[in-house]
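Common to both upcoming complexes is chain A, partnered first by chain B, then by chain C.
What follows is the complex of A and B.
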């Protein structure tokens, strides 16, 4: 299995190469969330809390089955409930398990300024290393899915790890194991795509013409994918991004601005060096001092000599 | 040391500023190690059990501290579904998935309790006391109310004044035995907690 924890393919804010000779030759891992099979029981939420030793605060009901209301530093996954009235006038209860998508091209990692606070393992998991986190919140800005949350307790960012500790020893994530309807499945990304294709074929035969797989190419594909009944309108599912991309600001800052500013700094230093070599430092001789003294004594401003 | 000229001061300040800027811009790579959280079940004791909630009776695996050595006091710290159990094959519902907090709940009932007639509080009693009391009262009630024959002379052998509420998380075998025992007493009112 290519799942050793130190098989790192990318690290945030690091210019030295990653220890990345070991690759996922037998396939990267993926979680497939079949929204068409989900009954919204929240066993995945509970299993996540249980395995990761998280207990969020008890919230208040805001008129929805959705509980808690939003993701938090202690709620890494959440069933989002949407009541959608389709054009035929029927109510559809769309339930989507929200959480980190484990993008192949992670915006959080790109935006992160702290070396090694966000890493991407060879198996595809994007993981936060909280001890390196400086709590700046750039990952929140960088994420096209609005997933990371900064803890109010320790000012560090938290999100789903895809149970990297379980996957590293060859087990499935806790949420996948618990799911009683089999809406959550786990395996190699290739196998999950095949499984999804079968599901989509079945859904199409049942009248869901627009059923499809959500594996957005804008972020290089994801290691958490959805089977949607309305793949043409992902936004129906509690605002799932139709075409997610890393924010242009993050791309500009980390893509162009950084090397540009480095070049400007280097040029400034170089220009300073050559100025020093050719012109030298600005020296003050006895004549200048005398002129200054005279000028001051006369009550005027010291006259400048070129 | 105290004689720092203006020029020296500016030199040091400038160098520090330049240095820190270079570090911020990533010219000084720091060690960036990464490791996943330690796998917490590696050598924990694994115990099979049945979920105590509904009649589906899912199999669960309970993981406890220590390797069952004499001096290690076991305490369950993680529960997940049993993949080898034919009923649930590793899955659990949200209640089953939260069993760990059921075990460690401060309000969990861990011993029999008795509330005397007219009393306003429960008092803890031992299992022996509880079982003796149940047996005594059952016998008393059965002796007083057992019906062997109806007034018409029909043999019924029934005991209608006591009922049995069985546990849901019972195996087939336990269910069979419970049924046999209760029916042999003549108990007809027989229900199961799973229906509640």
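What follows is the complex of A and C.
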């Protein structure tokens, strides 16, 4: 990989070590979504569709400003709108841009059984390599934020790439560029945490005592973070996970169960070997050859006897 | 805007009222977030709905649609009684001390001079009292019972927090919280900006709502300063340019006005507009009206405009009445219009009462639609089922569709809300056979002119004599037109003090309107744009965003009219001695010899401050006016009148009087009045508005916009939804006395049930983008519902306040 920011540090279902000479000395990147500056204009949604050349269906309105109705293989980001009446009796319209959080410890990558279908770059971006995707959907189960979607057309998994193609050449993701209010900002994770701290101070001066940064430790932190007015209640924001973790099943599968499953696989191979030694190979007799000749002459596929 | 978009970042307090900047102007709204993030600014949103703007506001205040004057009147009452006014500013720069004529009266909601039959006023008494010296009488002590201060104070005593609660449905404590915040900007070092849009203009009292906002800002000393002002957010990329260039039926370019039919005499026409100063040593800049007028006529008729024919005065139409949109469609509906060239306009969708529009268009012999898109108007004759249920066989109108380029397919200047003329370059060639509006109009004109030349006519002179000096007559270039509206010298211009000195050679572009002359030696198609294409070239194309003072005054970015001035009335940002009220936000100052600074002074540049010239140089009195004199149709002070479709039986400010329930000076056509609905049948108030995801009726044709907002909906509050058994996402029918629409219900907490005059009142929110052409799900034109009545001054229709009934389908 010639682009060092796209150096791969982790690859799904792969045990060979990744190159480690270069290690993101400039720090990892992060997108900061300031929900308190967001006006829900959806410019980010449109920019995402334009840059990634995606066009979802023209859907219907289901009684909300939220459109399309959900994330999909062609909608990688989405504004989710929540009306919340605070204890003072004042209304708040909480608007959250939903999409991949680019976890430092990505559940999708952990769960993925297909070598190289999901990779994590040195800059922190978690990317899907659809050509390696087998469409099993384990990434969907593995994701604590319910982000990946399996396409009905090609049975492959899709999600936000954090515009890894743009970031690799020193540009900000398309959504950041389109945001008119500066609710979306992009930079090193360290800078974004600093920027968030300033924003939180401002919010506290406006009476949001619980304003804070969402960078959940349960997934090792994320490379997409939120500034929330109510950091103590992330679930207010259209069900943002309060304390996300990789699903116990995935951890079991890739953790303690892994040696066991490897043992079972080894055992299966061993059983095959002994079967071969004991029974020998499956040989073709004259009757099989005759059946195949007949079938080919009739233009069909060769019949196989069980 | 008095100020400009970037300047909003200088505000300490932002009031969004009568608009929804985050929704309709998301890119400009950036400067509100800048003010909040970097200037610790607070944001107040006053709106019938909890909007996208409200979602990032510090304080949201609900209000019943159409009652903004009641609200603002009470804010002014608060400021006056709590003494939250900027005294030095108000004393020196406003008409507070001016004495009003004795025969001016106000009682029971009516001003003196009312004629109930004509629904209009004789405004003679609405004026100042003049002394023996010919100047307006003043009382600097503000004690005189007829001084503007006393009259105004008296007028707004009736506007109390209790009345606000009763009329607007705004909780008293919320109202007082807002008053306190607004009052905090009366100090010279705090600025409030007011951002408004069609939420104020689209009412039968819209102009007075805006005036009420401006008066509040004057009291606080917030006009003419950085971070302040009255900022109209224009809703189309070049709608500011439209009014600047005089595309209103009663205007000429540069806010010159067309004569009325009684004004056959040229000298009287000029004299009535070249206002003599009302106070000593005032500039009264309109005294130069003649120079602007003559230069315009030279641009239009060239050598045919001479002193002998009063520079073509007879070529101008003399108006017998206003020919605004509502009037034109009324005449069309009466069958008095044969043909209609509909250019960049979709009136079937945009004008009120679609049923009337359908009928009016069907009366035409021909309709020419110039548009990049297949608009609803161009398809008015086609049956689209319930969405446009017409009998095509009975419509004889012949429709011509001339495909035009869109903004991205042509060069030219667009004028933004901040009065900046920004040149843009075409990004793509137009598809198919589309041509620019310029080419189409030029082709039409040259052919018409040929017919008039060969066949004559009743009065062919204005057409055959029109100056048409373009290199390709059938396709004038945007550059040629820009140079023409900016202006040039027709002869060598000399310094009046030194006639031997040539200041501008014949043929040279002029640097500004100060060079315009009334002797036919200069040409300028729009005096306020003069200098946009100056001797140094096209200033509109400048893209230098350097900001040496850090307050967003980027004087080398594009060109702002007038004279590249960024903040109007900026002289008022300084005290009487010429020192900035707030040195941290200095726009200009007096340096002992001249005015200068971060902006182009809106003042005589070498005028010593001690001489007392007022900062409002376009007014004959040099001051900002609380008392509008005869400028407004319905009175010198804004007074609350109910919308024409109101849930109330009587105006709480002038109870029991039928003629003051609604705007007494509004013009209402007979059939339109009959089509008004009553609250017993249509119990909910409705308001229409835009959504961020769409632009009017264009973007329903664009796939990306259709994806992010695919289908028509209406918003109803949870309480109303419960009463009617409507769940989120279900279909509802919304009817007015003029028709119905059906749409998806978005049930929301953001539309709350207000208590108005002791009774619960529901507001229904109706986005306006649906139509029966395009890629979104087909829908109903929202203006099926709206009433035909306009603001009494501008005739802007009352689309923001009317009565409906909601039913479950």
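As a working rule, the second predicted complex is superposed on the first by the 256 of 306 C-alpha atoms of A that agree within 3 Å, B and C clash if a C-alpha of one lies under 4 Å from a C-alpha of the other, contacts with A are read in each partner's own complex, and residues count from 1 in each chain.
As a working rule, contacts are C-beta pairs under 8 Å (C-beta built on N, C-alpha and C of every residue); 3 or more make two chains touch, one makes a residue touch a chain.
Being a predicted model, the structure only gives us computed values, none of them experimental.
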> Counting only touches as set out at the top, which of chain B and chain C does A:161 meet: first, second, both, neither?
Replying inline: first
> In the superposed arrangement, does A:50 touch chain B (first), chain C (second), both or neither?
Replying inline: both
>> According to the stated criteria, A:180 is in contact with first (chain B), second (chain C), both, or neither; which is it?
In response: both
> Which of the two partners, first being chain B and second being chain C, lies in contact with A:90: first, second, both, or neither?
Replying inline: second
> What is the contact status of A:141 with respect to chain B (first) and chain C (second): first, second, both, or neither?
Replying inline: neither
> Who does A:36 touch here: chain B (first), chain C (second), both, or neither?
Replying inline: second
> Given the touch rule stated above, what does A:15 touch, chain B (first), chain C (second), both, or neither?
Replying inline: first
>> Which partner chains sit in contact with A:127 here, chain B, chain C, both or neither? Use first/second/both/neither.
In response: first
> Once the complexes are superposed, what residues of chain A are shared between the chain B interface and the chain C interface?
Replying inline: 41-43, 45-46, 49-50, 180, 182
> Which bits of chain A are touching chain B when the two form their complex?
Replying inline: 5-6, 8, 11-16, 41-43, 45-47, 49-51, 115-116, 119, 121, 127, 129, 132, 161, 164-166, 168-169, 174, 177-180, 182, 258, 261-262, 265, 269
> In the complex formed with chain A, which residues of chain B make contact?
Replying inline: 18, 21-22, 25-27, 29-40, 42, 78-81, 83, 88, 90-94, 96-98, 100
> Can you list the chain C residues touching chain A in their complex?
Replying inline: 22-23, 26-27, 29-30, 33-34, 36-37, 40, 42, 50, 52-56, 58, 60, 692-693, 703-713, 727-730, 744-750, 752, 775-777
>> So in the complex, the part of chain A that touches chain C is made up of which residues?
In response: 36-43, 45-46, 49-50, 55-65, 67-68, 75, 83, 85, 90-95, 180-183, 199, 202, 205-206
